[in-house]
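I've put the structures underneath this note.
Shared between the two complexes below is chain A, which pairs with chain B and chain C, respectively.
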Partner chain A sequence: MFVQTREKVNNRSILFRKILGKVLPYLVAVLAAFAAVGLVIGLMGFNVLKAYETILFTSFRTPNGIVQTLLKFVPLMLQALAFTIPLSTGKFNIGGEGQMIVGGIGAAAVGILFADLPGYILLPLVFLAGILAGAIWGLIPAWLLYKFNINEILSTVLLNFVSFQLIDFIASEVWKDPVAGHPTTVPIGEGGWLPLLVDNPPLHSGIILALLVAVGIYIYTNRTTSGYEMVVTGANPRASKVFGIDVRKMFMLSLVIAGALAGLAGVIEVSGYQHRLIKDFQSNFLVLGLIIGLIAKGNNLAVPFVAFFIAILEVGASAMQRTMSIPVEMAYIVEALILLFVLLSDRVKIRRR
Partner chain B sequence: MDFIVQLQSFLKLIFIYMVPFVLASQGTMLGGRTGVFNVAQEGIMLLGSAVGFLISYNSGNTLLGMLAASACGAVFGLALAYFTTTLKMDQFVVGLALFFVGFGLHTLIPKLALGITSVLPRIATLSDAPVPLLSQIPFLGDILFNQNAMVYFSIILSFVLWYFMYKTSPGLEMRSVGENPMAADSLGVNVGMWRYLTAAFGGALMGLAGAYIPMVFAGTFTPNIVAGRGWISIALTFFGGWSPLNIMFGSLFFAGVDSLASIAQVSGIGIPYQFLLMLPYIATLLVMIFTFRRSRAPAFLGKNYDREKRILT
Partner chain C sequence: MTDEPILVMKGIKKSFGTNAALQDVNFTLAVREIHGLLGGNGAGKTTLMNILFGLYRADSGEIILHGKRVDIHSPKDAIRLRIGMVHQQFLQIKSFSVLQNVVLGTSVKNKFRLNLAEEEKKVRELSARFGLDVDPQALIEDLPMGVRQKVEILKALYRGVEILILDEPTTNLTPQEVDGLFQSLRVMVKEGMSIVFITHKLREVLSVCDRISVLRNGNNVMTLKREESSEEAFVRGMVGEELDLQSSVVFSQGGLEESVQTVGQNIVLQLDQVQLLNEEGRSLIKGITFEIREGEIFGVAGVADNGQKELAEVILGIQPASSGCVRLYGNTITHKPTSDLLESGISYIPEDCLRDGFLPKASVAQNLILGFHKQKPYSRNGFMDLNAILNAARGLISDYNIKTQGPTDTGANLSGGNIQRVVVSRAFSHPCKLLVAHNPTRGLDIPSIDFVYSRLLQNKKNGMATLLISENLDELLLLCNRIAVMYRGEVVGVLDRAHLEKYEIGRMMSGVRTDA
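And now, the complex of A and B:
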């Protein structure tokens, strides 16, 4: 009896320590990053406490703040997953931006061409087209890697720049909205709009979709054979090869899945939020997604939590620029510093080849 | 006659566009030749463009701007060397992190210095510095010897680097670090010093490459002004087989595509200009298909050397 309780206590304290050991470096990193940036803001003559308060609590003060945060969270999390999944095989996908843009183009193309179709046909078509387009944009570097052994960092980045021109062409030539000043397409058919969860302030149902994807990805990588093979490939490509896993196919698969996820992010922006294709709609989601993925150390389960935190910072930072005229990029420096401190805290070693 | 004048100005433009490619790629090559693979070019160049622009705007001296940009680049190179050589962290992860920092600072710094404004001031662009006598040669003189000083600098630098690496004994030492650091270490070569030195110098060249862009192309700074040239220069380094002279010649090709796109955009030849602007990136992808397999990269590229560890690969 006595022994049992002691064991229980022991177990609990071990678990507690384990969680603490995982969370503590993050806490320290966040605190250190905030302290460093606070020092800079203070030296520039701004009110540091008010800046902290704005950046951390804007998201929770009003319903609009919460909705803004969730709207940011969806593409951020999908972009981060589009980075971490190839990372689990040891490949770096820096092409999430292009994949998101092309996904948005695919969604907008179907939504504009078949604008008159009823929702129950058009909406699935819009999603299918966008996800497929993103997956194809991910397939190109995957194929180049498979066939010619071309470094995926370079090919994915270069395709981003190709997609910038592609969206400019679509939005200012093909389906140009003549009224808009910025390159923008005409709106997609109403059947292609994602239904709203909350009407005012408008929150679309993309958040549910994104969470389902996050759960699905977790189950895939942690509970299925194919997902396991993918993770093993990253952990030790040589051993995986010996045990009969087609390593190069796994690289390819991971990049295509990543493309589909980033494409989905594009679809959700078009179908749920903008209802049209706007040039530069991809914002800085790619870089933030990479930061989230690296802060989460490639752990798919941690990605949604980190993404939510970064979404809070981003919403807070734009409020900070509006009300205190502190440049919004300060949040970016905070995020980069958090990443640096997390990296330093245990020198993650993500194996490459 | 008209055609010849156009051809002349096109060829002249290629050399002007060549400079950032040469500088950034030689920087990449230097670090890579000792095993430090920098993938933060784009970030360092963006930061260099912002810093170079602001300093030369405030001081009215472009040289000062370039020096400041190089110093920023050198700091980034040192940071990369510290995290990878001393702390043995993954080179790609650190490189990406440095790219983020450079990318963030390049829009933050102008905002802090000039306030949150969309109208940025202009700076004087680099003027042509004709070489006496040589610039009088018909046709070629104007192309080769009537350029801004950075064109000469980038060409001379390439030759100097080639001479240093292949004709001097410290150059041999440096190359050995990137091929087989264990052997080099056992012969008394200071592996760590070489990695720090080349990473810092390489970073400085990347910063300089970034500073050149607003000083020549636009005369002003806009966010994302580097437009992927940093990433392209990684491909160019592979294309040039990690050797200084081949990189210089290879950069002529990339600069050619770049200037072709910009000329065709202005003159308009029926194709939507967006597709012309895609050319440099698509050309780079195609070039990689044909050269990546044959390109001989330094054997220890992207790896960290740990004296106390056996290396299996």
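And now, the complex of A and C:
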């Protein structure tokens, strides 16, 4: 009884303090990272305040800025989740890049082969094929881990290289677009295009899918029995095994889900944005996804917010390069420093105990 | 005893985070005395002595040795001041010989050739003098726990300590070995040493100590000479006023016989020639055959690491038996997965709670449903019922007095005793047919131990079968209908309650078979 009444009274202030305690280190880390980069930009002889303004507000100044940010946000968030979900079981998926490429290949293959089918058939097929292809690319390391106990970090990284060759082969041999200078396939059928949400500037409806996925993942990990087993496996695999959870199956499942999510990111790029498969379309989303996942400390609920913030930085940084000719790499430095400072704040917290 | 004390600890305070472990504790050690430091778990006994040995720094207070104030920053300082400590967990290198372990960390004369003949002579001399019978050339890994403890004491003697601290030294000893240890301690005191004896077992301090100090919740309660005091006074000192001694199970004097003796008819668990091999094909347990009936508490005694954990894990299906058969109510369960067994009504309290039963990174509520998470009311159609989980967690937290901020608190914030409470309360939270409990009261304070015992007896009354594996012989003698003794993976013998005798069990624990 005593515990319960106290709990009620203090609930609000505890919640407030909890949130503050979680957000404060991030704020400090972001400020510190900006200060450090500002110093460098200043020493290079640029206008620091204008650089800050460009990097932070480009996304919100024009409709185009908002659309660009959202388009970046979708693959970033999916890649980050493809990293954090296996991480919640204690496994590291560094193969999001390959899974995204293979997902794109699956989508393009169906989109090109069945280009004449009507949209209501072709679009689901394109998505299904891409997600499945990504899931299979996640299943391979998962199965190797399950069967032979092969380290998933190695196998996921190495499968990335396989996928590079695969996309090169497809884009420059199988369905090569003869007019394009860069290895590119012919376009997929129009039925496989993701409908637009806004026509001008063009924003496809992938953003809605991505948000649905984020909500779905949150429900899965927090409200379902299987999600509980997954989280618990990461919290202590040995105890989970003792209490009847098939932990190796959970490792496998988490990697397959990750593959499917990264595959979805590939599908959305192909079906929503480029409408064809272009070599190197995966950009640097894997590395940024890892950074987002780590800044969010593996918390699936925090991933979308961090991903959105990083998308703002990415868009702002390319604007900064265009208008002020400050190298776009400055944004990477900011992102890396934020990660470092967030990790540092953990150490500070431990020290203070 | 001279009037001048060898050691005085004054006003010692120490807190870990917000948790005050010691609040202004005073401790005085006289020359040539065995001083018992008595208290339940979490009373602060070990913390106080860890401060003396330089493992922790006190927040405030002073240590006065031979009338002079000293600063002890590390165990190195402590050994220089001739203070030695034998911990509960031995710090030994298993692949080294006794002699190598003893001299390790000291500066031996000819250290490049490592000619240890002289050292060996010294060690042999010490073991003869103090009755610590150990072969200096034996490898540690070949030695039983009782002898390994002698090695640990020899290490301290070799370093020439005059104050020796023993932390729960009898935990892994047979009753015979305990007697031997006490004799050695007497010789040491006669030779001029002073000894601090940390324990939570009242009978031990009464049989060997000259003076006894009781700690409770980080406070001094009393310090008395043995002859001036009664058992009753110490019990009160240890548990405070909150525990009703009349209804207590821990301190009951044979009044339990009636409730313990009754046993049902149906066989719940049956093991038939169960064997478990490790990867190299060596058997970890073999030829295990026994059965447990409804309402029976079946004890397994033995020194740690003689196959008890493997026995539990075979029954739970965590490591399926290599040969033989395990039956639950007549159904073979030898190769069923753990999740099925948990669902069919087996509960488990693992020995190493932190490693095998606890999720430091998950919330307290998530911890409290582990193993039951697939069952109603926690899980419905694949979804978790968060309200049911939180309500159940709140209930267990208040029933078992788990000290936490609430069900959503992170597991890592809990102390050792509270982790044990979580794991124990979880096992009791669901009705079950068979409870496999391995050292269920380790790390608990006395009122909690009492609570666990009364739950065990209540479950027994309800017809549940219990396999109680314990290194605490008093616990087994108090509660069990029958006790099997394990030695090197085999059951040496099974004793009926009518024939339970401490020294007989002790002989069996060291591998001596009896015809009984």
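General observations
Assume the second predicted complex is superposed on the first by the 335 of 353 C-alpha atoms of A that agree within 3 Å, B and C clash if a C-alpha of one lies under 4 Å from a C-alpha of the other, contacts with A are read in each partner's own complex, and residues count from 1 in each chain.
Definition applied: a contact is a pair of C-beta atoms (placed from the backbone, for glycine too) under 8 Å apart; a residue touches a chain by one contact, two chains touch by 3 or more.
Bear in mind that the values here come from a model prediction, so they are computed numbers and not experimental data.
Superposition model on chain A: chain B and chain C are shown accommodated side by side without a clash.
In the superposed model, A:L27 makes contact with neither chain B nor chain C.
For chain A, the partner that touches more of its residues is B, with chain B and chain C as the two candidates.
In the superposed three-chain arrangement, the CA centre of chain A forms the vertex of an angle with the CA centres of chain B and chain C, and that angle is 70 degrees when rounded to a multiple of 10.
After overlaying the two complexes on the shared chain, residue contacts for A:V157 are found with chain B alone; chain C is out of touch. When the two complexes are overlaid on their common chain A, residue A:I291 makes contact with chain B while staying clear of chain C. In the superposition on chain A, A:A235 makes contact with chain C only, not with chain B. In the superposed pair of complexes, A:L144 makes contact with chain B only, with no contact to chain C. Annotation: superposed on chain A, chain B and chain C show a minimal Cα-Cα gap of 6 Å. Under the contact criterion defined above, the residues of chain A that touch both chain B in one complex and chain C in the other are 353.
Every residue of chain A that touches chain B in the complex is listed here, in rising order: 44, 92, 94, 144, 148-151, 153-155, 157-162, 165-166, 168-169, 173, 287, 290-291, 294, 321, 325, 327, 329-330, 332-333, 335-336, 339-340, 343-344, 347-350, 352-353. Per the touch definition, chain C reaches chain A in the complex via residues 17, 313, 316, 318, 337-343, 348, 350, 355-362, 366, 370-371, 373-374, 379, 382-384, 386, 394, 397-398, 405-406, 411. Residues 39, 42, 87-90, 92-94, 96-97, 100-101, 103-105, 107-108, 111-112, 116, 227-228, 231-232, 234-235, 238, 272, 274-275, 277-278, 280-282, 284-285, 288-289, 292-293, 302, 313 of chain B are the ones that touch chain A when the two sit in their complex. Partner chain C is touched in their complex by these residues of chain A: 1, 3-4, 7, 14, 222-229, 231-232, 234-236, 238-246, 353.
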